[in-house]
Amino acid sequence: MAQELLSLQGLRIDGRRQNELRQIQCRLGVLERCDGSAYMLHGNTKVIASISGPKHPTKNSANKNRGGDEFIFNVRVKFATFSKNGERQKVVKNSKKLGEIEINLKNIFKSVILVEKYEKSQLDLNIEILQTDGSEICTVVNAATLALIDAGICMKEYICACTASLTNDGVALLDVSHLEEICGGPTLTIAALPRTGDHEQSVAYVELSQKFYLKDLNKIFDCALMGCEKIRGILDEAIRSNAFELVNSELTNN
Amino acid sequence: MANIKINLLMNKAKYTSDLGENNCRIYTTGEVITEQKDFMRGHGTYVEDGLIKSSVVGVVRQINKLISVVPLKSKYVGEIGDVVIGRVTEIQKKRWKIDTNSRLDSVLLISSINLPGGELRRRNAEDEQSMRKLLQEEDLLSAEVQNVYVDGSLSLHTRSLKYGKLSQGILISVSPSLIKRRKNHFHNLPCGVSVIIGNNGYIWISPIVNVEIEGQGGFAQSLDAISKSDREAIVRIKNCVQALASCYVMIYDTSITFAYEESLKYEAKELLNHDTMYEIGFNTKLKLMQQE
Amino acid sequence: MKETILSNNERVFVEKSIEEVLRIDKRQLTEFRNLGIFFGKKYGSVLVSLGDTRVFANVSCEVNIPKTTRPNEGTVFINVEMSNEKMSESCIVTTRILERTIRDSRCIDLESLCIIAEEKVWNLRVDVSILNNEGNVTDCACIAAVSALAHFKRPDCTTSGDGEFIIHKSSEKDLIPTVLHHYPICMTYALFKGKIPIADPTLLEERVTNAGLTLGINSYKEICSLHMTGVSLTSPFLIQKCSEMAAERAKHVVEFIKSTLEQDSIDREKSNVKGFKQSIILTNVTSNFCDEQSIDNNAEEISEVASNHDEIIVVSQEQKFKKIDENTISTTKWKDENEETSSSDSEIITLSQSNQEKSKVESMQIDSSDDEEKETIILN
């Protein structure tokens, strides 16, 4: 099933150009009972993220083992059973893949949240992936960023994540879908704080699967970072329109 | 036959975009506010490379040289003198731990309550043993913030007869940013309902309480039956407050009264529809704007 | 077992010294520790040591049903175990990195593991056990897994149609080695404050900054996997720099693995299988060890002093011996022997304090310079 990743006219399997992102839509504050929530559509990948906290630490046995005044950040990621195309997804306890995603999310956000302000408190992040079509980790990171902002958690910057791939001819493709992941080449996922100017101190997470030549690392990196910038613009717009809605009503009355 | 309504998440209406202009400058996370030279940084900001940057999404508030960013939605941050409503989570040695919708649980020391019978004496070991008789886990109470500790947790007290354990009524939780700080937080509304608006976003609606519980120190629970008309009024007020909260209208006695008046043309249970909520919120806002 | 707490002094010391381009164990910032690969008697078992970190890997095979999405390919299962906790964080991370580096980069020829398409395939299982964690377990585990896979030979089998097949013993038919397209090696760089990469961190360095970058590279300069661990923010330039450094080293490591494999197969042909005992270091005294001291003394001076005592003290020159403790020494009466050999150079020396004292000496190992005899004397 070797399909052409990039046809002669420069179109990919789903009709996009090499540098185009899929359609992204997002909404903040979708769950009323949670302190912060967000819903994100990235092509056909759909994710809901919800934040509970910061609050007093619950009395789990896991929390007792930690020493002192630490900021407790719990992450839970779940794939819905109907999320994959076709087969029903079995619920596997202690799955290594999910465990790894949770650990990575913890590390990514701990590097951006101003942890000093939340000592002794607990923050719970719950992620439910409703539909998967490639770039799940990306969408999860973006949705979690939105949920954290909705909950009013102090952070240094937005974290945006994006994927990029490489064809056999060395052309970088932005934002891989599931089909491109399977029959294509390597997939690079980056979570970064897009900053203008030099990119120092901006990459929070990198993950690569399958192999490619070292000399192409530059290209694929640049492509993914550019994708992060674009996604940041989209998130920013969504946040501002949501904020206007709130500001209109409450704070102007103060 | 059940009456089911299905609302799509992406089509959730934006309730407030119809009214007014937005003059406020919104700062997002990581946006530069100003250089650090002449200013001090307050809540919601951080300093990097000599610049003050915002760490939350919100509106900048500048008081003289202090710059802080008020987030649109956040947990309750207490100040001395605030009235709060809380729920007991734990009983520890000589204190109760109270959940007040803030980052850390608040503390009610045994020395900060009024003893039953209104005595004035030092608390002894017997009082410690009988803490559970006064307040158990999951009890609701109203209190005032006495002190704020270094780590941000609050110390409460109930040293007045208007504070104490709450008995029969409905508790609603809204965002703390919707509550104004006012002189009085205990209101007896003309419709026969008493409302306590806690600064922490918890609002208690109950039937009007007669003041014959003095001498009990506010820890008695009156479990008398409440009449049907009272119950209807309470439920109506509760639905109105929820309508105001979902339309992001500030909640205080005037706004609740206006909303109540608006809601009289509907039945109490019809107020749960999204469209009705929107209408009530919208009309209340109009009235409030006209009043100014 | 709980980990000991890292003191603030240690943390500050390590951070400051890294800023001054110094490492605790005197390595360069980009230098890796010594790598040792020891194959066992059984095919597929290997012990790898990187400095003091020791990892053991074992490969076994069994017949299984293939995955529905890939009916012609065999499967590989990788399992990493640390001695104390079941499914700790680092265990999960290491397992996933190995899975990505080895499985997802398709270094093993899985189609050759197929017996009957859509029904029976070989499932290779790699079990990695961390024996001693002195930092950089990932690298060690990866080298161990890859070497074990390269060393492993599976039994031959013949299919007789109708879904039946026979697995042959090694005595009937030769074992088949696994085919590896390329050898992916992991390199870990710990990141200090997101700016300074330290190659091959020791346990102390790892705990001071738990941020790190693990790259999987093979000898053809192809990146097989890339993974950032821990809480840190770095720049893409740093990642590229690290990848280039890692690519250089990968070549050497792969050559080392291949040469060790060849050496092992040569040894097996000569029936000279050494097994794991090569990995044990023999020159250590394993208990109550203290520093070597060389003593240069004049024979005459000492025999003068000695003549006042009951025991005879004989001096030997140019001898190094490992003394346990100056004060608690030992004695036995070597009188007769020593009188005879008092003139020779290579003599045994015992110092005594008093005859009555029965002090304990665990062991003394004496190197005699001329005779090259090693005598181990245990004195009570």
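Residue numbering begins at 1 within each chain, and the chains themselves are lettered A, B and C in the order written.
In the analysis below, contacts are C-beta pairs under 8 Å (C-beta built on N, C-alpha and C of every residue); 3 or more make two chains touch, one makes a residue touch a chain.
What you are looking at is a predicted structure, and each value in this text was computed from that prediction instead of being measured.
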Relative to chain A, largest Cα-centroid distance belongs to chain C
Which chain has the mean of its C-alpha atoms lying nearest to the mean of all protein C-alpha atoms shown?
A
Any idea how many Å lie between the Cα centroids of chain A and chain B?
33
Taking each chain's centre as the mean position of its Cα atoms, how many Å separate chain B from chain C?
62
Intercentroid distance (Cα basis), chain C paired with chain A, Å:
39
Using the touch definition from the top, which residues of chain A touch two or more other chains?
193
Give me the residues of chain C that touch two or more other chains.
none
Spell out the residues on chain A that touch chain C in their complex, using ranges where they run on.
67, 94, 96-97, 99-100, 103, 107, 110-111, 188, 193, 198-215, 217-218, 221, 225
Under the stated contact criterion, what part of chain A meets chain B in this complex?
25, 27, 29-30, 32, 35-36, 39, 41, 54-56, 69, 114, 118-121, 149-158, 193, 236, 239-240, 243-254
Where on chain B does chain A make contact in their complex?
9-10, 12, 14-17, 19-20, 22-24, 26, 28-30, 44, 46, 48, 53, 55-59, 70-75, 89, 97, 99, 103-105, 151, 177-178, 180, 246-250, 285, 288
Interface with chain A, chain C side, in the complex: residues 5, 87, 89, 92-93, 95-96, 99-100, 104-106, 184, 194-195, 213, 217-218, 221-237, 239-240, 243-244, 247
